[in-house]
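Chains here go by letter, A, B, C and D, matching the order in which they are written, and residues are numbered from 1 within each.
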Amino acid sequence: MSSFNGTERKPDRLEAFSDAVFAIAITLPVVELHAPQPEEGDLAAGYMKLAPEYAAYALSVILIGLYWAHSHFSGKLLQKTDHGYNLLSIGFLAAVSITPFPARPLVEHLAGDPESRTAALVYLGVAAAPATWWFARWLFATARALPDPRLTDAYLRRLTIKYGVTAGAFWAAFILAFWGWQAALVAAGFVTLSYVVPPAEPAYKPGL
Amino acid sequence: MSSFNGTERKPDRLEAFSDAVFAIAITLPVVELHAPQPEEGDLAAGYMKLAPEYAAYALSVILIGLYWAHSHFSGKLLQKTDHGYNLLSIGFLAAVSITPFPARPLVEHLAGDPESRTAALVYLGVAAAPATWWFARWLFATARALPDPRLTDAYLRRLTIKYGVTAGAFWAAFILAFWGWQAALVAAGFVTLSYVVPPAEPAYKPGL
Amino acid sequence: MSSFNGTERKPDRLEAFSDAVFAIAITLPVVELHAPQPEEGDLAAGYMKLAPEYAAYALSVILIGLYWAHSHFSGKLLQKTDHGYNLLSIGFLAAVSITPFPARPLVEHLAGDPESRTAALVYLGVAAAPATWWFARWLFATARALPDPRLTDAYLRRLTIKYGVTAGAFWAAFILAFWGWQAALVAAGFVTLSYVVPPAEPAYKPGL
Amino acid sequence: MSSFNGTERKPDRLEAFSDAVFAIAITLPVVELHAPQPEEGDLAAGYMKLAPEYAAYALSVILIGLYWAHSHFSGKLLQKTDHGYNLLSIGFLAAVSITPFPARPLVEHLAGDPESRTAALVYLGVAAAPATWWFARWLFATARALPDPRLTDAYLRRLTIKYGVTAGAFWAAFILAFWGWQAALVAAGFVTLSYVVPPAEPAYKPGL
C-alpha cells in the first residue's frame, strides 16, 4: 500500500462507499411512495391517484441508475484516488442524492399550468448539479494523473469532451427552460438517455 | 482488468451494489412500523392493532430475502457483467424495492371484502415485475456469454426454464386473480416458497 | 470457487450483506429523532422533551452495535456459508432490524405506570428473537460443518453453550417480566452488556 | 487469518461497515427535504421557503463528508482492528449519524434571536461528540498497537496531537458559545474546514 503517496489509495474503498450512497439514493424514494389508506373506500382509485408518485420514482431510478452504471464503468478507469478526489466525490454524491426531490413537483405540473416552468427550471437545475460535479471531478482526476496510466491520451480527452458536453447540455436546457420548458425537458431527457448506450471501449497504449 | 472488453468487469462490484440495495430494501419497511403512541392508553391493544403492519413487514422480508439468497447464489455463476446487464440489474432492483409497498393493503384486505381482489391484483402485478426483470436479465446474460464458461449448457438451460416458469407463474397468478384472488395468492405463495429449496448444484463441464 | 459444493460460498459476500443491513438498522432510528419545531418557543425545553427519543436511540445503538461486533467476530470463524445459513441470516437480520421499534414505548414507561409491564414484555420478546435466530443459525452452521475446520470441537461447543444460554436468558427475562418487569430488564441488560467483554480467543487444533 | 489473535481482524470489514454507516448517515438527511406541496400555489415561493432545509442538508453533508474522507484515510494507517476498537467505532458512528439532527434548528436561528445561543450550544455539543469518540478511538488504537507498525512514532504522535486538538477545540467552542455564539460557530467552522486540507503524508520507518 505504501507504493501510493499521501492520501492516495486504490479506488476500491471509494467505489464501495459510492456504491452504498448510490444504493441508498436509488432506494430512498421508495419511502415517498404511499399505499392507499385503509379508510379510503375504492382501492383501485386510490392506486390511480398515486400514479404521479410512481412516475416520479421511475424518473429518479432512471437518472440515478444511469449515473451509477457510468460510475461503475469509470471506476475501472482509475488507478487510484486521493483526498481531493474523495471530497469532489462527496459533492457529486450529495448532488445525485437530492435529484429525486424535485421530481414529484415536476411530474405534478407536467400537464402544463402556470407553475410548469418553475417546476422544470428547478428540476433541470438540480439535475445539472451532479453532471457538473462529475465533470469537475474528472478534470481534477486527469490533472492529478489518477486514471490508469495505460489509457491513451486520446481516450481520456474523449471522455473529458463527453462529460463537458453533458454538463453544458444540462445548463443549456436549464436556460432554454425560461422560454420553452417542454423543449428543455425533452433535450435533457435525450442527453440522459444517451447514457443507455454503453460507453466507448477503453483504448490502451500499445505494448502494455 | 484489461482482459475484459469494454464495460465488462468482474461481478464483484455489481454484487456489492446489489447487496446494498437489497439490504436497504429489506430494512426500509421497518420505517413503516409504528410504536403505539404515548397518548393511547392501552399499550397491549395498541400493539395488537398494529399486527397488519408486522404481517406486511414479514411478507416483505420473506419475498426480498428469497430474492437476495438467489441473487447471492447466481453471483457465483457469472464470470463478468457488462453495461446492459448493469442496466437490467437496476430495473430488477428497483422492482424488488417497491414490493413492500402494496403489502400493507393486501394484508388489510386479506379477510375478504369488496376490495380484496384489487389488493391481490396490485400485489401480484408488483410481485411479478422483479421475476420478469430477473428472467430478462438472465436471458441477456446467457445471450452475451456472461456466465462462467465452465458451466454446462444443460445447466444454463435448466435455469432459463426455471426463471421463465417463475415469471410465467406470477403472471398466471395475476390473471387468475380476476376470478379467484385467494387461489391466485396461494399459487404465488407456493412459487415463492419453492425458492426456500436450495438451487440445484451447478454442473461444470468435465475436465475443467 | 468450484471447490465449494452447490450453494456454498466464502462468507465474505454474506458478511458484506449483513454489514449493510446492520449499518442501516443502526442508522435508521435516527429518522425517529426530531428537532424541536420552529413554532415552539423555548428551544432548550423543546430538546429536553425529546430526551426519551435519544434514550431510545442510544438503547437501540447499544443492542444492534453489540450484535454487529459479535457478527463481525463470528465471520472470522466460518469457512463457508450455504443457502440454509443465508436464509437463517435473513431471519436474524430482520429480527435485529425491528429491535429499535419497541424501544420508544419502553423508555416512555420506564418510570413505572400501569403499562410498564406490557412495554417491558414487548421489548424483551422482540429482543429475544434475534438471540434465538442467532442460536438456531449457529446450531445449523455446526451441523453443516460451515465453521473453519481448524477450530477445536471444544471451542465450537463452548460457543454453542454461550449462544444457547444467551437465548435462554432472554426468554427467561421475558417470562420473569410477568412478575417483576424491573428485575427482568436488569437481567436482560446484564446479558446484553456481557457482550462488551471480548469473545474468547479462538482455539485451533494443534499442528494446523 | 490465524496470524491475528483473538478478535483481531484486518480492517477491511470494519471499513466496509463504517462506509455503509457513513453512506446512510450522509444520505438520510435527504428524507428531511420536502418538495412544495401541490396545494400550495406559488411553486417558486414554496421552494424559497424550504431554503433552510437545504442549508441544513449542505451543512450535514460537509461535516459527515469530511469525517468520511478522514476515516477513509485513517483506514490506510491501521494494520488490524479488535473488539474494543469495533465498539468505539460504533460509538463514533452513532455520534456522527446524529449530527444532522440539530442542524435544522441551528439554521433557523442563525439570523439571531433569543434562541440562537441554545441552538448553537446544542449543535456544538452534538458536533463535539464524534470528535471526542474519534480521539478516544485513536488513543485506544495506539495503546493496543493497531496501527501499521511501519509508521514512525513521530507520525503517530503528530496525529494524536491533531485529533486531541480537534476534540478540544470543539469543546472550547461549546464553552465559548455561552458568551458569544457567533464567534463559537466561526471557530468550529474553521476547525471543521481545516480538514479540507489533505492529511500529512504518512512517514514510514526507514529500511522497511
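The definition used in the following text is that a residue touches a chain if its C-beta (ideal position, glycine included) is under 8 Å from a C-beta of that chain, and two chains touch if they have at least 3 such contacts.
Owing to the predicted nature of the structure, the values given are computational and were not obtained by experimental measurement.
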item: Superposing rotation of chain A relative to chain D, computed on C-alpha atoms, to nearest 5°; value: 90
item: Same or different residue numbers at the chain C/chain D copy interface, by half rule; value: different
item: Inter-centroid spacing, chain D versus chain C (mean Cα positions, whole Å); value: 26
item: Whole-Å separation of chain centres (CA-atom averages), chain B against chain D; value: 36
item: Residues within chain A bordering two or more other chains; value: 16, 20, 23-24, 28, 31
item: Contacting residues of chain B [partner chain A, same complex]; value: 1-2, 5-7, 9, 13-14, 16-17, 20-21, 23-25, 28, 31, 82-84, 86-87, 90-91, 93-94, 97-98, 100-102, 104-105, 108-109, 115, 118-119, 122
item: Chain C contact footprint on chain B (complex, rising order); value: 15-16, 19-20, 22-24, 26-28, 30-31, 33, 35-36, 38, 41-44, 47, 57-58, 61, 65-66, 68-69, 72-73, 75-76, 150, 196, 198-202, 204
